[in-house]
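Labels run A, B, C and D following the written order; every chain starts at residue 1.
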Amino acid sequence: MTMHIDIPEETLSSILAKAFRNTAFVAGFVITVLILAMAVISYVWTPYDVTRLVISDKTQGPSLAHWFGTDHFGRDILSMIMVGARNSIAVAFVAVGIGMGVGVPLGAFAAARGGLVDEALMRINDLVFAFPALLSAIMITAIFGPGAVNAIIAIGIFNIPVFARVARAGALAIWPREFILAARAAGKSSTQISIEHVLPNIATLLLVQGTIQFALGILAEAGLSYLGLGAQPPMPSWGRMLFDAQTRMVAAPWMAIFPGMAIVITVLGLNLLGDGIADILDPKSRRQR
Amino acid sequence: MRLWKTILAAAVLALATGSPTFAARTDLVIGIPLEPPHLDPTAGAAAAIDEVLYANVFEGLTRIGQNGEVLPDLAESWTISDDGKTYTFKLHSGVKFHDGADFSADDVKFSLDRARADNSVNAQKALFAEIDKVEIVDPATVKVTLKNPQGSFLYNMGWGDAVIVSPKSADTNKEKPVGTGPFKFQSWSKGSSITLVKSDHYWGTPASLDKVEFRIVPDAAAYVPALLSGDIQAFPFFDPESLAQVKDDPRFKVVIGSTEGETILSINNKKPPFDKLQVRQAISYALDRKAIIDGASAGLGLPIGSHMSPANKDYVDLTGRYPHDIAKAKELLKEAGLENGFKATLKLPPPGYARLGGEIIASELRDVGINLEIIPVEWAQWLDQVFTKKDYDLTIVSHTEPNDIDIYSRKDYYFNYDNPTFDRVIADLNLTSDEAKRKELLAQAQKILADDAVVGFLYELPKVGVWDAKLQGLWENAPIQANDLTKVKWGE
Amino acid sequence: MTAYLLKRFAIALATLVLASMVVFAVLEILPGDPARLMLGMNASADQVELLRNQMGLNAPLAWRYLHWAGGLLSLDFGRSYTYSVPVLDLVRERLAVSLPLALIALALSTIIAIPVGLFSASRRGRAGDTVAMGAAQLGVAVPNFWFALMLIYVFAVWLRLVPAGGFPGWGAGIWPAAKSLMLPAVALALPQAAILARVTRSALIEVLNEDYIRTARAKGLPYRAVLWRHALRNAMIPVLTILGLQFAFLLAGTIIIENVFYLPGLGRLVFQAITQRDLIVVESVVMLLVAAVIAVNLVVDLSYAVVDPRLRSRQ
Amino acid sequence: MSLLEIENLSLTIGDTPILKDLQLSVAPGEVMGLVGESGSGKSMTALTTMRLLPHAARATGRVSFDGIDILAATEDQMCALRGDDIGMVFQEPMTALNPVKTIGEQVAEGIRWHTKASRAEAEERARKMLDRVGLPSAKFPLSRYPHELSGGQRQRVVIAIACALKPKLLIADEPTTALDVVIQAQILDLLRDLVAESRMGLLLISHDLAVVTEMADRITILRRGEVMETGETARTLSEQLDPYTRQLAQASMHVPARAKPHATGEGKPLLEVEGVTRDYPGRRIALFRRAPDIRAVDDVSLAMAPGQSVALVGRSGCGKSTLARMILALDRPKSGTIRFRGETITDKGEAELKPARRDMQPVFQDPYGSFDPRQKVEKLVAEPLHVLEKQPTRAERREMVAHALHEVGLDQRDMDKYPHEFSGGQRQRLSIARAIITRPKLVVADEPVSALDVSIRAQILDLFAELNQKLGIAYLFITHDLTVARAITDEVLVMHDGKIVERGKTSEVLDHPQSEAAKALVAAAPDLHRAIARRMQEQG
């Protein structure tokens, strides 16, 4: 699938000016920064200690003492969301890191080399894509035991083919450009060219895809921990909180609403950020969905 | 605009009428958490098998009633020899299996011999260990001779694993169970439901329900919506944590009963530092049973001090032995040379009492310096790692079999507990059938387990039953793992 | 055309064989012994060994792989350890739930998404577009199991219009069965519709910038005719790609929704099989799903050729 | 009353002004030429007439067509006009047709839409129209798809679509710019016949003065949205009253002053190419059968002396670019050898090629595509230094870049800017700076000026000439434009279907070509001198 890339022609200052007029970017940026701040603060301070169980004030509604109310063990839901944010973001971020770290070089290499190598990589990509992602993630966590690390690996593996495909499509659109021929005429090897010329030009594309996979990672982690395969107690996770809230929906609806909102807002923020970046830096590039 | 309104109204009406009507009903849908692996109670330990089939489809010589009492079943009456070794059972006449085969003494001999044979796959083979020989006196009379007198023999014959099967259908019971009960098997769609219908020629008082469907609902989260929407009318084992959603709803009846389930924090007695008595006692002191019951079981269930359910007549209340005392626990740890605590793992099987109880206990033990890493496991992994390979530090499980205090005397049982004096008490118990003597021995056994703090005794698993208010006849307690529907009917 | 067809078919087959090896290898290292699970707590070690032999668990690795793979071809997936019933019957029962659910969800998603995508592409930048895309943005962000919860409590518990879960089986009549699939299908369809709408919109906007659209307008066609006759068909390829991905996801990715609505679907069958270490079921069903995904991709590839003549003649 | 009358038309898109008080008129049967460099607003004039402007466009003034006020017309009225009374032909034939519809459908669609004719009737008329534009039904049935046709053939389909309903006015926006010289001549003839046949008014838009002179009765010169001059073609271009018109005309005919070719006296040839051939695999038509290989370069031999300036001319697709790439060792020939300064380079690995690369560098066609937008000029111009044995230090590197920039007439400070901060002409200067930084012996320039506007093209050709004098660099110019070859080179090689059909002194070959291909090329190439002379006779 060829990618139409019209390389933008702006200086950094004009990009920043354009950025702050782009509503999607601003909204996405603000939300993402808030969530990150919340996660970072949680290392230092949370309204209540999430590891302390106070069974006496179990399932209390939102109040001045507990803004988001308490859960079935009497723990403060706001604190758990803050610490849970740390977990969701860490899992999704590292998973995207794995996807990019392995996928992008593979894709760029396949585009540079072409021929059999390209064909082979595409077949492996098809193979990994053929496996249902969620089901395989469950198999992986079932085999190696649940936990945040295994969730990262499970989600990370399925990011690799996505980035490989995006990097390859992007690189294939750059290779026939004339400045690549000029670089070859200057005697540069295909790896040097990939690093110096190809990667910088598909960086925007990867950044945008990165935010999307980051958002999908958050959803995947929530799904896994909903099934009890993500981070284990006492480490709180949003998906787990939703699972616990389910049996108490009618009696304690706040236990489901706030973690659910946290997931929605984080994913929304990341997607808006991705849209914003795409519109600003690479208006005509068609983003992979 | 008017056209739209009529279409919308019609659609809502069509949907509404689709929901179940409430005429005088003879059908019932019961929700059960686990799906039985197969339908032959004599070839598997899974509680789910008995929950569907015991007393409904299969019957034994005797039957255990709602309060744990032994009642006559296929055996109308029996006489016991003076030395307590020979039992002569008088069988009901005119009894037929669901496939039309006649029931007679041959079936009893076949069933008992099959269960105690060497290559038998019966999960409770120990129940038949004392049987010496089974003789047919006449088609309606069977004589069973034991090697030694066994006080609990009649009770044992009431277990699900001891039901009477016909040689013709024994091998296919796993798929198409054939018994003598008031209901006969109709269909089983895997992962979804098992359906029984009224048996047309039942020897006893016929059941009042025509059709019963056991709907498999593994996820506690789905219990409440199913009840509220009328999909399922009864949950004999409801999730205590979801009670808050239904307890004030007039449409439903909440019945709290008792079970034989001792919920315990099992300890691997051979694995250091748990081999030291002070460490085990420190753990018992650190446990706050009230908080665990409130947090993991919505405040339902009685605390226990040893391996006996308060519902049992021989129960001795030893909960006072280890009151919740963090200072005492820390002191004991210091004695054991572990004043700055230690790390250990806590493996938790799927049920709610384990997963919720585990988090509370981990937090309580953390207060005395014992840092637990929680490892959730599925039943398959629990059986493999904990039960068979004993590769665990701590775990939480509820032993729901009745009268099972003798498990602490079994050789390679997963507690890794070996106490000759305790074994002797159990051995004596098995030989005596005199009630007073048995009560005294059971009290002694319970005291030893408490003193040795073999495990952390938590609470008796409550039987939380929730069903339609108009439904009558369901059991309040669960002395054995069963849903006896023979007396169940829709009242007004 | 045939060259394009055969090449895609050969690749699909190679991927399938490779996948079967990966599945078998992965499941061999799955801890836990199914025989012990079946016999429960009190069975002795030799009883477990007896059962292991009966189930052929002790046979050499290669033999078991070939036996299993051979079986796959003749649709004999072997017998399930836990249910001791041919896996094929199990799968057929579960497919009767998963397949219609996937199809209804896909249909719902497509019916909603394509018009929305078309609408906001033609009104690019104006109010209609921002609202539609804002909603799509939200749709993508909602975890479908959370949305399912909300649906249950509104439509099943409060309004009591549709059952809160469970599946009465097609035997109980088309209408009650379909009704029980309605909420799960909506819960699944929402995020997919959101994604599909965004893709349709961006594909259409891309096409509307092409030169041949200007030629068509210069021909005198009004905007609406240009959109339907020229733009839509060209935008089909990216839309088809996403539809293919979505159907594959809907078939296997519905585990959580099946759990929330306790539907006896394929996803839950595999999930329970994993927890009960029922290797034969896990292997067979995962292979079935992988084969389905590969087949769907093949169909999508072929549909490219139908939509775009350039692919038909290309090597 | 003329067919199309445009009076003081002003147009802005967003807040950028495009047209200011434009005056233009086209009479029935008359060909009006609209000439201007890129960015002069000529295409926008056409789109305003067709009312196909982007949302943010605001037009004021009067545009009347056949008595109808275009600016005030409703969209439905415009839809009735477009394709029926006003036809339009666009610049880029490769993307002008809908790839997923057959050519028959796309021609018939306009007919059915306007005349409500039946499907069969519309297809019948479409068939006739395609024959009329030179696409006979034998080779071009209605069921063919655009991707099965060449650029020229697709432009004929676009013309068929525009003229299917005998419009009163035909607007042609750069109809032949993207086409090969020979095909360009054929398309222009077709347009001339169609216009004459049904007395259509033709508004011909182009940046090529020679093309407009050959075709147009009257001419309007446009610069930055303002009309500089308008009038009879011959008189306007010969009298050149307006200074901008004079500058434009002279730039088109400019020939840089070249002193005696830089004789080096070194006997050894700089470049020797012997018997080089290169094939491309044919398209796969069936499972195991593939169309026969296409021979792009067929047994070509040539030699170049140091300091020599040689042109390689031919129609597009004749293999000249492929040959250039093989000379630059960016592509390997199937057979034959290439020796550069005595060293054969066709069999060497990338590492061994480094010394050869030091002495030969390329210059490319597209000023916007030949620079990586993410890097500063300093790094881009210094890229060839990568080939040097001893890598220069950062300071030495900056000094060499500064020197190269100075030689091509750019400022040292430009070193820290990004490529997008330069105009097209300046970028081509950067491209040349990059080529000469390693003091190469040979520069291979592939269509170096064809993407530039006329006035800038002249400056760049001067720069090439100057560098040849000063640095003794040999040039191999690849071009389809004979005026460029004539202006800058001593020798010329004419290529056709992969073979070199004629070679010799540039002026001799181009004034009286011998081979068939060279003759066709010279005849078809628009030449401003010839066009003005012929136009003068007609208009007296």
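Operating definition for what follows: contacts are C-beta pairs under 8 Å (C-beta built on N, C-alpha and C of every residue); 3 or more make two chains touch, one makes a residue touch a chain.
Keep in mind it's a predicted model, so treat the numbers as computed, not measured.
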Required steps from subunit B to subunit D (each step between touching chains, minimum): 2
Pair of chains joined by more contacts [C-beta pairs], B-C or C-D: B-C
Approximate Å spacing (C-alpha centroids) for the pair subunit C, subunit D: 51
For subunit B paired with subunit C, centre-to-centre distance based on mean C-alpha positions, whole Å: 39
Whole-Å separation of chain centres (CA-atom averages), subunit A against subunit B: 45
Centroid spacing, where centroids are CA-atom means, of subunit A and subunit C in whole angstrom: 22
Multi-chain contact sites of subunit D, meaning residues that touch two or more partners: none
Sites on subunit A at which at least two other chains make contact: 142, 246, 249-250
Of all residues in subunit B, the ones touching two or more other chains: 219, 221, 224, 228, 378
Touching chain combinations (by label order): A-B, A-C, A-D, B-C, C-D
Contact footprint of subunit A on subunit C as seen in their complex: 11, 14-15, 18-19, 22, 26-27, 29-31, 137-138, 140-143, 145-146, 149, 153, 157, 195, 198-199, 202-203, 206, 209, 238, 241-242, 248-249, 251-253, 255-256, 259-260, 267, 270-271, 274-275, 282, 286, 289-290, 293-294, 297
Residue ranges of subunit A in contact with subunit C within the complex: 1, 4, 123, 126-127, 129-136, 138-139, 142-143, 215, 219, 222-223, 226-227, 239, 242, 246, 249-250, 256, 260, 263-265, 267-268, 271-272, 275, 284, 286-287, 289
Subunit D partner contacts - residues on subunit A that touch it in the complex: 7-11, 177-179, 181-189, 196-197, 200-201
Residue ranges of subunit D in contact with subunit A within the complex: 325, 328, 330, 350, 353-354, 357, 360-362, 364-366, 369-375, 380, 383-384, 386-387, 418, 420-421, 434
Subunit B contact footprint on subunit C (complex, rising order): 31-34, 36-43, 45, 47, 50-51, 82-85, 90, 93-94, 152-153, 156-157, 160-167, 169, 175-176, 179, 259-262, 264, 268-269, 272, 275-277
